[in-house]
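Next come the structures, one after another.
Heads up, the next two complexes both have chain A, just with different partners, chain B and then chain C.
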Partner chain A sequence: MESRSADTDIASRTEAIVGRLKPLEGPLLPILRDIQREFGYVPQASLPVIANGLNLSRAEVHGVVSFYHDYREAPAGRHVIKLCRAEACQSMGGDELAERLLGLLGLDWHETGADRKVTIEPVYCLGLCACAPAAMVDGEVIGRLDAEMVDQLAKAVQA
Partner chain B sequence: MSVKIYIPGDSGAVALGADRLAVRMAEALKARDLDAEIVRNGSRGLYWLEPMIEVETEKGRVAYGPVKASDVDSLIEAGLLDGGDHPLSLGAPQELPFLKRQTRLTFARCGITDPLSLEDYRDHGGLTGLTNAIAMAPEAIVAQVTESGLRGRGGAGFPTGIKWKTVLGAEGEQKYIVCNADEGDSGTFADRMIMEGDPFVLIEGMVIAGIAVGATKGYVYLRSEYPHAIRVMNRAVEIAREAGILGNSVLGSDHAFDMDIRVGAGAYVCGEETALLESLEGRRGVVRAKPPLPAHKGFLGRPTVINNVISLASVPVIMDKGADFYRDFGMGRSRGTIPVQIAGNVKHGGLFEAAFGMTLGELVDDIAGGTASGRPVKAVQVGGPLGAYFPRELFDTPFDYEAFAAKDGLIGHAGIVVFDDTADMLKQARFAFEFCAVESCGKCTPCRIGSTRGVEVADKIRAGIEPESQITLMTDLCNTMKFGSLCALGGFTPYPVMSALTHFPEDFRPAPMSQAAE
Partner chain C sequence: MTLIQEIDYGTPASKAEKTVRLVIDGNTIEVPEGTSVMRASMEAGIQVPKLCATDMVDAFGSCRLCLVEIEGRNGTPASCTTPVAEGMVVHTQTGRLKDIRRGVMELYISDHPLDCLTCAANGDCELQDMAGAVGLRDVRYGYDGENHVKARQNGEANPRYMAKDESNPYFTYDPAKCIVCSRCVRACEEVQGTFALTIEGRGFESRVSPGMHESFMSSECVSCGACVQACPTATLQEKSVIEIGQPEHSVVTTCAYCGVGCSFKAEMRGEEVVRMVPWKDGKANRGHSCVKGRFAWGYATHQDRILNPMVREKITDPWREVSWEEAFAHVAKEFRRLQFQYGKGAIGGITSSRCTNEETFLVQKLVRAGFGNNNVDTCARVCHSPTGYGLGKAFGTSAGTQDFDSVEHTDVVILIGANPTDGHPVFASRLKKRLRQGVKLIVIDPRRIDLVRSAHIEASHHLPLRPGTNVAVLTALAHVIVTEGLFDEAFIRERCDWSEFEDWASFVADPAHSPEATEVYTGVPAEELRGAARLYARGGNGAIYYGLGVTEHSQGSTTVMAIANLAMATGNIGRPGVGVNPLRGQNNVQGACDMGSFPHELPGYRHISGSEVRDVFEKLWGVELNPEPGLRIPNMLDAAVDGTFRGIYIQGEDILQSDPDTKHVKAGLEAMECVVVHDLFLNETANYAHVFLPGSTFLEKDGTFTNAERRINRVRKVMSPKNGLADWEVTLKLAQAMGLGWHYNHPSEIMDEIAATTPSFANVTYQLLEEKGSVQWPCNEAKPDGTPVMHLDGFVRGKGKFIRTEYVATDERTGPRFPLLLTTGRILSQYNVGAQTRRTDNVAWHAEDRLEIHPHDAEQRGIREGDLVKLSSRSGETALHATITERVAPGVVYTTFHHPGTQANVITTDFTDWATSCPEYKVTAVQVSPSNGPTAWQQDYEAQATQSRRIAREDALEPAE
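Here is the complex of A and B:
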């Protein structure tokens, strides 16, 4: 009963977003972006509403959601760490820092801790290649990461 | 009049503490009751000095850097507002060798002006190119861009004017200008810097493109990894609309042009132009087969100019100063300037805009000052994750599209990533395959399957399992990917792999004993 009412709530909030953005040329990505902003992820219950609103099949919408790295199937942890794994960061010891951070958090890429405090994701370039290694923590950019900063970061997100 | 203090709002500077510094500076000025205004400018691109702050004095601008929030008090006590001496003093920024040696055409204003001040933009030559373009026939604008020799700065190097001419000649009620701002290549940040530091130059370039080809609508497809750039561009579009640069009557003329910012969703392959168009239309970012060219059937099947940020941002200066002015810089068929992005393990990383023709060695040894770690340079990857690794023996290669191609490399978006002698080139080759596997759109088999097989082959070489036959297999696989893939993702992954294998063969034949000992 409770989950049904939660789904109804998701559906009506999704409908409002679809209604607002539908007039755009190519509205699906803007809609999904707003849905993720609204719910923190793209709920299954929103897919039929989007499909209906845009005259697409549910499979087409699912296909788009599953294609892009940004869209989450479930809410992220309270903190989200995106650590750059691309070449410029590798050249400055990014791989070692990544290992260290994953070890400290006890997580692998894309995982969220059981306590839901933190999600860790790889990112391939934040455009901060001249101050590598780089990360983004809850939307804030950090450059020239080192072991000490990684230790502090792990402590801060688990507090 | 209050003194202006410039503290970059560029995300690279912010990543190094510029926001904290700006807050601390504002508090300190207030506490001392000092009359000064903080302007959040773009970055000059000297990232080892960021946050680099500048003060406008009677003698001109005076720079300090790298400045931490904890330096604010001592700076003010040293007479910051009058450009007073301090251990962090850098003197006049334009006299710093890294800046003095550059030719800044596209980045002329970046780091100097307030990015969101149209007044600043006009005062520094902005909108002159657009004003000139409005007085010209579309064919004449296209001709001027063609004669300038400008080639696509996204990586492909296709002549911009030719692309525009095709769209101008294409039949269609509605045409579009699409700006590719999906700057996903590691080691590149020129698009990000210009969008954060001088957004109006991109808008101006897009409006000129619109007038030239008869397009009235534009989109910037901007990657989601750049939240700062998204904010600045959105605000700049609003300001441009209010000022009549965008809208039904561009600067009071008969031309209409409007544009919107669209945000990507974290797919590297959407930097490929046809995948980008699919994504913009709301589908999976799957590559389209060409033909038809986007110039004929692009966004929503309509004629579309799709250009990189830097290509479009270079148009205003060409329309302002003329095709000859721009074409007189450069070498061979690479005309004008190229904003080289120096990144990775370097002492002096940042943006270096100069005429084509500098050698890779000049950039790495001289301008970048070698590695940050102080160790010898082993390899330089030029052109992003799909670019080749160059050894020191090829450092005499000049920055020129054809010269790089002749050495089995590419300029790409002109990012260079420097690695010191601790780099393991087998690991880098494996990463190239791994990245291709993660980002493949899945449409063509060589890319989708080949990338995964490549990772496996690299792992076998690492494990010492028949390394010689695995190397043959890897070479064969690269050949298949290069010639059988639909787009540059699968087609260019062989560049980093084969260059690593060709120039650093010793890394692909690890001693079995040392492996066992690990």
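Here is the complex of A and C:
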């Protein structure tokens, strides 16, 4: 019963977002973006509501949501670290830094700690190759990462 | 006989008229502009390797196998997405291309199982073919890397592996074999229009996903089979192929379900059907299918089929198996006795809309020439008899005016009382495709059917009328067209009788017929109706499609005439893209009507009272025909209760379940002395039969079916009749037993007799059908190749006739005791009384009839989703489970009639169309209340049915008579 009322809540909040953004040209991505802002992730229960609102099939909405890595299936931790894993950063020692950070956080890629403080994700190029290795923490980019900065970062996000 | 291999051109044909010339591998070829290089190559006989292209869907360009080199152009463009250009010089096979293709195949095969020998697609796998075509000899990447193939790798579960989805009863989805060409996804979108599939994820993680990563059965999938057909590997594979193996020969035949009349290849292994595959050259379906025709043919070999003739003295006795000879002799003796005792008119026959034209022709011939009366009727009585009457009056022919291809030229569609996504799914897919291309749709239906709004389609106007007010709504549409001056005066003056139009126009212009005045009782908002009228009249080519929601009313014939009026007033008749199109319910209901199944009409809709027409048949048959029309089905039943009608031969129809007011049908049958049922199964009517003659399926006989577009399609025998005789042979031998000197060696000879006697069939021969594939009647000297669009230069009757259509409310009214209106219909997975589909795995979708009820009405009655409810009317009551949905309006409830346990027709009344006696199935005043169990009627019925279906065991036989 509880989960049903949670789904009803998701449905009505999703409907409001769909209703607001539907007039846009190509409204699906903006809707998904706002849903993620609203819930912190894209709840499965919102997909059929979006599909109905835009007169798409459930499958199509699922296809789009699952295509983009940035749409989450579950809420992220309080902080989100995206560490660049692309070629330039790898060549500048990104691999060691990545292992160090994962070790410090005790997490594997895409995981969120049990305390829900931090989520760690790989990202393939932040466009900061000149400042490699690079990362993005809660939307802010950081360049020229080194071991010391990684240690500080781990400490800061776990505080 | 061999397996028919259809050529896959890779991309759809271009419709352009302008052509271009190009050179492909040294061959000069001329093709329409817009053709892909791939298709042009195939037309020149050169097969460019390909995986993601197939000609049922648009080019996609993802597999990178079909690359070619074009002189003067850089790189290696994909031939599927590259259109031809004048003077282009193409090379499909160069060293560079060979290397690229081999490299691409290596990547595919590195993530594909190597179990070809034990794979169900072995012998029918395009991946295997392409590996051969590109000369793949080695896979340098090995098979140990990340993959989707192995369930376990390095001792651990492989997270990328997904188990086979076997949820659909007819096909499996094995993600391990998928190459993500997305042909299935595109087939579902472009061909079927359901959009049930997608590619989830990206890159190496891309997978085909039904719904939102669901199983096929829990997704939106309607099991049409288009994805299975599109799949180049064993990823989507028919279970029947998995069980049996690949077919070795195939025969083109016609589906025996709805009136669309899809052409299929019956792919066989010996006398066993391996699968039915829609035939690309089928002019009704153009290579598409639905769950019924594609998959639901298992009833043909179902254990419930009765294979031996049976006889009994009383309906309370168990059945006794007898030889065919004994059965025929018994029927002949009984029928002659009844005629001797009670008069010539004491017996009659019912022809079947499921049997072939030839079989129907023989049954009516047996009645007219053998019984010496005209007591012959058919199930069209209960479905489209008003179409015959109404269109006959208005235009002069009792049939739809167009072919299905006509929808390609339509701009606006009015859909009235039809639910094509369930009743005529293949036509619905063609219509949906057009709607996605911008065609406008007006839906006139009490329910919010799928075509009102579903993925990527939305009706411009939905007029949710109260059941029974069709005539008022159509007349209101005409009111708007006339009063706003939207009619096509030039067309009317040229093609119709102007004074009749003026009379009609003054009638519809009466303010009493305005949308504002009629809104009170139709429930249709006036502004919405005005919008619909303007759209139809001024939106370009306007076509009207309608179904039983039009005909099965007390004013069914009037509604058909109102439809004809609208089409004539707006000039929407006599060219492609327009017209009046009845969607016929059963496979051969058009044919059954054509073949003289009605008591007043000889084949070709010619009245029995006409002496010249009778003369044609009398000369050929050597008998004198009775000029008086015979009894209709309801009259036969009335006469039976009165004691004057004593025996009946019913071929392939289950009147007890399908006809209205079950109790009256039962009383009529019970009163008769010799009821002969000729059917596949012990149907509900057989519970009251004295003789059972086993029937044959469409797979077991030769003949023709005529579909809703008047198309005569061949039905071809692919296996021997399990009961020993095809249905036409049964009627033939029965006639011979009654002393008629009939001789036919093959159904083609019956068709020759039809052609010789019936002008609209004059040119039809099996040879012509063999050459053309199919033809649409009229097919005669004037139209030797048949007639796709009728009334081209003028109406068959001369001038089109406008007829006043006064709305008269049905006598069936709601009141305090029965406050809700019941309307009935059908569902995609089941067909008619369900005798066939209930004996297939289609029950996985619709295991019982359910009552759709609006949340408000349910709330008031304390009914929750899934509750057992009692549905009662003035005629009777039954119990079934409720589904709460806003598809029905408040005050309206809906159910289907597929299951004998529910017996929806216990509820329906005996009100009928004023002109044709077509029953008013679509309007019954009812009450719905919570229930604890089956009603007394259902219990009694079940007990009687069980008792009546007993078959005496051989050793327990008592001496006959």
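Convention: the second predicted complex is superposed on the first by the 159 of 159 C-alpha atoms of A that agree within 3 Å, B and C clash if a C-alpha of one lies under 4 Å from a C-alpha of the other, contacts with A are read in each partner's own complex, and residues count from 1 in each chain.
The rule is short, and it goes like this: contacts are C-beta pairs under 8 Å (C-beta built on N, C-alpha and C of every residue); 3 or more make two chains touch, one makes a residue touch a chain.
Computed from a predicted structure; not experimentally measured.
S.K.: Contact-wise, after the overlay, does A:44 reach chain B, chain C, both or neither (first, second, both, neither)?
M.R.: second
S.K.: Who wins on chain A residues touched, chain B or chain C?
M.R.: Residues of chain A touched, chain B against chain C: more for B.
S.K.: Touching A:120 in the superposition: chain B (first), chain C (second), both, neither?
M.R.: Neither partner.
S.K.: Tell me the contact category for A:55 with respect to chain B and chain C: first, second, both or neither.
M.R.: Only chain C; A:55 stays clear of chain B.
S.K.: Quick one: is A:157 in contact with chain B, with chain C, with both, or with neither? Answer first, second, both or neither.
M.R.: Touch partners of A:157: none, neither chain B nor chain C.
S.K.: Answer with first, second, both or neither: which of chain B and chain C does A:83 touch in the superposed model?
M.R.: neither
S.K.: Touching chain B in one complex and chain C in the other: list those residues of chain A.
M.R.: On chain A, the overlap between the chain B and chain C contacts is residues 60, 63, 67.
S.K.: Could you please specify the touching residues of chain A with respect to chain B in the complex?
M.R.: The touching residues are 25-30, 32-33, 54, 60, 63-64, 67-71, 86-92, 123-132, 134, 136, 139, 141-144.
S.K.: Could you pull out which chain C residues touch chain A in their complex?
M.R.: Answer in residue numbers: 194-202, 209-213, 219-220, 453-458.
S.K.: In the complex, go through chain B and note every residue touching chain A.
M.R.: Per the touch definition, chain B meets chain A at residues 11-12, 14-16, 45, 47-48, 50, 183-189, 191-192, 217, 224-228, 262-268, 279-286, 299-300, 341-346, 349-351, 372, 381, 385, 415, 417-420, 423, 428, 431, 435, 438-439, 441.
S.K.: Which positions of chain A touch chain C when the two form their complex?
M.R.: Interface residues on the chain A side: 44, 47-48, 51, 55-63, 66-67.
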